[in-house]
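Same chain, two partners: chain A is paired with chain B first, then with chain C.
Showing the complex of A and B:
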């Protein structure tokens, strides 16, 4: 599956955004718009699950950085989780692992963010 | 380098003193088995009494120096890994031949020459890597494993060349010793697992003593043994013969390949993410091997090599600390001056040797197979590996018939490892003709289909049997470039070419080259504008490709992404 899909779920106060497929310049704006909309709407804890993302490009990194920047402005928690092999490698290559709050798993992230564990649909 | 979780002490970790000492003793016991090769030489040369003891003691000194050289981690010498040294059958054939032609002096002189040849090979390894890929190193390891297993069975059952009969007492000793090693290795933890071979060998010694197979009184010289004695060099001299350069050089090549395979195996055991050998470490090991062989020739012993069993043992026990290599080296140097240990080790009962060889052969053989199958094998590689493995087996099956070849070729056809290795290197050289392959795809302007590029490179990667991780990086690189250049007038041509060691992807289009920045853009720069995003794209490309070049002429751009394979 290559097309981008964006699915939202909730675990307590945490809004979980599950991304899957490929994120590049053709759809990175969709991700950015959705995340900034959630932050602007008052969400205080947002967790982006990247476990089903096949790969991403610089456009996707920019979308995530813009969302992080926006979350800082709105005093919201913004975190990423479940970075798979190639996706994690790209974060490492770009030296971006330290720029984001990254958790190994959704469960670990929810413990940190204060939400209860909820499986992805 | 990622530390494998199942290691107890990894290469850069220092175990506590007691574990260091007992681990070193275990390796010493295993390596001492190979003293049989210089002992065979001494017996063939009719050495007796103190001269025989001197040769054994000096051979132990040679093992000591070799172990220190192999484990050292310096720019010019040493593998940097726990890489045991041992005397080898590879040099036995040429050495016995030299003994017939000119006595021990010729053996020692030509052994020095063999060491020089290996030292000369060492700096060329990187250039020769296309001829010596890791699956050939794996083949060498697998053949060594098979040879060790065969030797283990022969010693364990008490079969000798003249009398093809099984000795029941030997079977009892070897069976109990092997069962002890196996049970401890599989069902015990901690010390039992770590020292399974040493404990199994000690049990074997005890059972041998009970059955009368191990009788020290029979081998102690008539005048008795002093506790400390400096070995003398009365049997040592050197002479040279140009006719013998060829067989000793072939033995050096085989020893070089085995060292490459063994050290690659040691690297793999110590790195969960191992994909290809580190050539700096391999070259260091080969020059260490050459220096150690020269030393052995100078002090009056035969040629040695890295020891697959020792590396198999370190993998089996999970103790791969480099400091154990130094401890083994100093241990052997010390024991060389203590004649009772030389006698005790030289008198190791054959069934105990057999059990230890058979046990470690299992780990050596499977390591070789893993190195071969880590790569997807296309028809070309299948034939190289299959033919060469078969030839190695044939060399043992039809040994007498193959020894009818001219005398210069006898060192090649008379040894399964040498024949298999030479066969693999020559076949690999011949079948490489036409190995580089080139394919291209034209992406028409107006909605460039990135999925098509992904499918194209994935399909080609499978056809080429390329490494999956390298193909993934190439796909990312192409998609990232396409993203930055947008929709160039005239579309984009993507051309990929591949051989065993290189994947090059060229992209041709009309427009501007992608900016490849020297430094990483800051998050603030990336967020601020799309220029920042383009800088990140260039930075990611620089990081993901092993080399990236851009050529611009008359408005056309040719970008080349190079990936080492």
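Showing the complex of A and C:
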């Protein structure tokens, strides 16, 4: 699975964006555009699941940083989850583990972002 | 066994996909380990995108050469371009750009390249940039077709 895929789902008030494949210079703008569109449209909690990402480059990191800043301006929550082994290493190489709100799993992230959501039917 | 492939790339970001796919194809053919392949793909994207973004600013189309060489104990990526001189080895860390100054191109990407590969060098030869990246890994023999 190499081509980038962006799938959006919802858990209560949290908008979950599942990315898969590889995110590089050729497609990082697609990620940035989709995330900033969601934030501009009024989403207040966005969780980006990176569990199925094979790798990402600095272009992808820049896209995530732009989305983080945009979320700050819009007073929205923006978090990442499920970083796999090599993906986590890439965050570490870029010195970016401390820059983003990162959760180990989707479940853990949802508890933080919208505890009440999990109790909804 | 040494196997080299030369790829002509335009200064168009979409062309990165061409050289990326050729590296994937070589990895399948020569059994390059997945972890090394992933590290090479990230480093390749960083170095080639830097050339595309920063080597020319005249708005014209340019071409440059990416050479991928598969050796028994490593994979080399070489980029030859006739754009403006830029030594990536001197690029500062992205977190240490002087206050008020725009980061120099490629700070984050270059920091990652240095971590991802075992050898990273730059030369300016006869008005051309020559950047070399090498990743040490055990490479298999080509699949017989």
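Please note the rule applied: the second predicted complex is superposed on the first by the 114 of 121 C-alpha atoms of A that agree within 3 Å, B and C clash if a C-alpha of one lies under 4 Å from a C-alpha of the other, contacts with A are read in each partner's own complex, and residues count from 1 in each chain.
Methods note: a residue touches a chain if its C-beta (ideal position, glycine included) is under 8 Å from a C-beta of that chain, and two chains touch if they have at least 3 such contacts.
On a predicted model such as this, the values are computed, not experimentally measured, just so you know.
Here chain A is shared; do chain B and chain C fit on it together or clash?
Verdict on chain A: clash between chain B and chain C.
Pick one for A:10: touches chain B only (first), chain C only (second), both, or neither.
After superposing on A, A:10 lies clear of both chain B and chain C.
Which partner chains sit in contact with A:86 here, chain B, chain C, both or neither? Use first/second/both/neither.
Both: A:86 reaches chain B and chain C.
Per the contact definition in the header, classify A:95: touching chain B only (first), chain C only (second), both, or neither.
A:95: touches chain B and chain C.
Can A:111 be said to touch chain B (first), chain C (second), both, or neither?
A:111 contacts neither chain B nor chain C.
Thinking of the overlay built on chain A, is A:66 touched by chain B (first), by chain C (second), by both, or by neither?
Touch partner of A:66: chain B, not chain C.
Superposition on A: which chain B stretch among 40-48, 76-84 or 454-462 collides with chain C?
454-462
Kindly list the residues of chain A that each of chain B and chain C touches, one partner per complex.
2, 24-26, 55, 57-59, 61-62, 86, 90, 93-95
For the complex, give me every residue of chain C touching chain A.
Chain C reaches chain A through residues 13-14, 16-17, 20, 24, 35, 38, 41-42, 45-46, 48-49, 52, 94-95, 106, 108-109, 111-112, 115-116.
Which of the residues in chain A end up touching chain C in this complex?
2, 22, 24-26, 54-59, 61-62, 86, 90, 93-95
Taking the touch rule as given, give the residues of chain B at its contact with chain A in the complex, in rising order.
Touching chain A: residues 450-451, 454, 472, 475-476, 479-480, 483-484, 520, 523, 526-527, 530, 532-534, 536-537, 539-540, 543-544 of chain B.
Quick check on the complex: what are the chain A residues that touch chain B?
Interface residues on the chain A side: 2, 24-26, 55, 57-59, 61-62, 65-66, 68-69, 86, 90, 93-95, 99.
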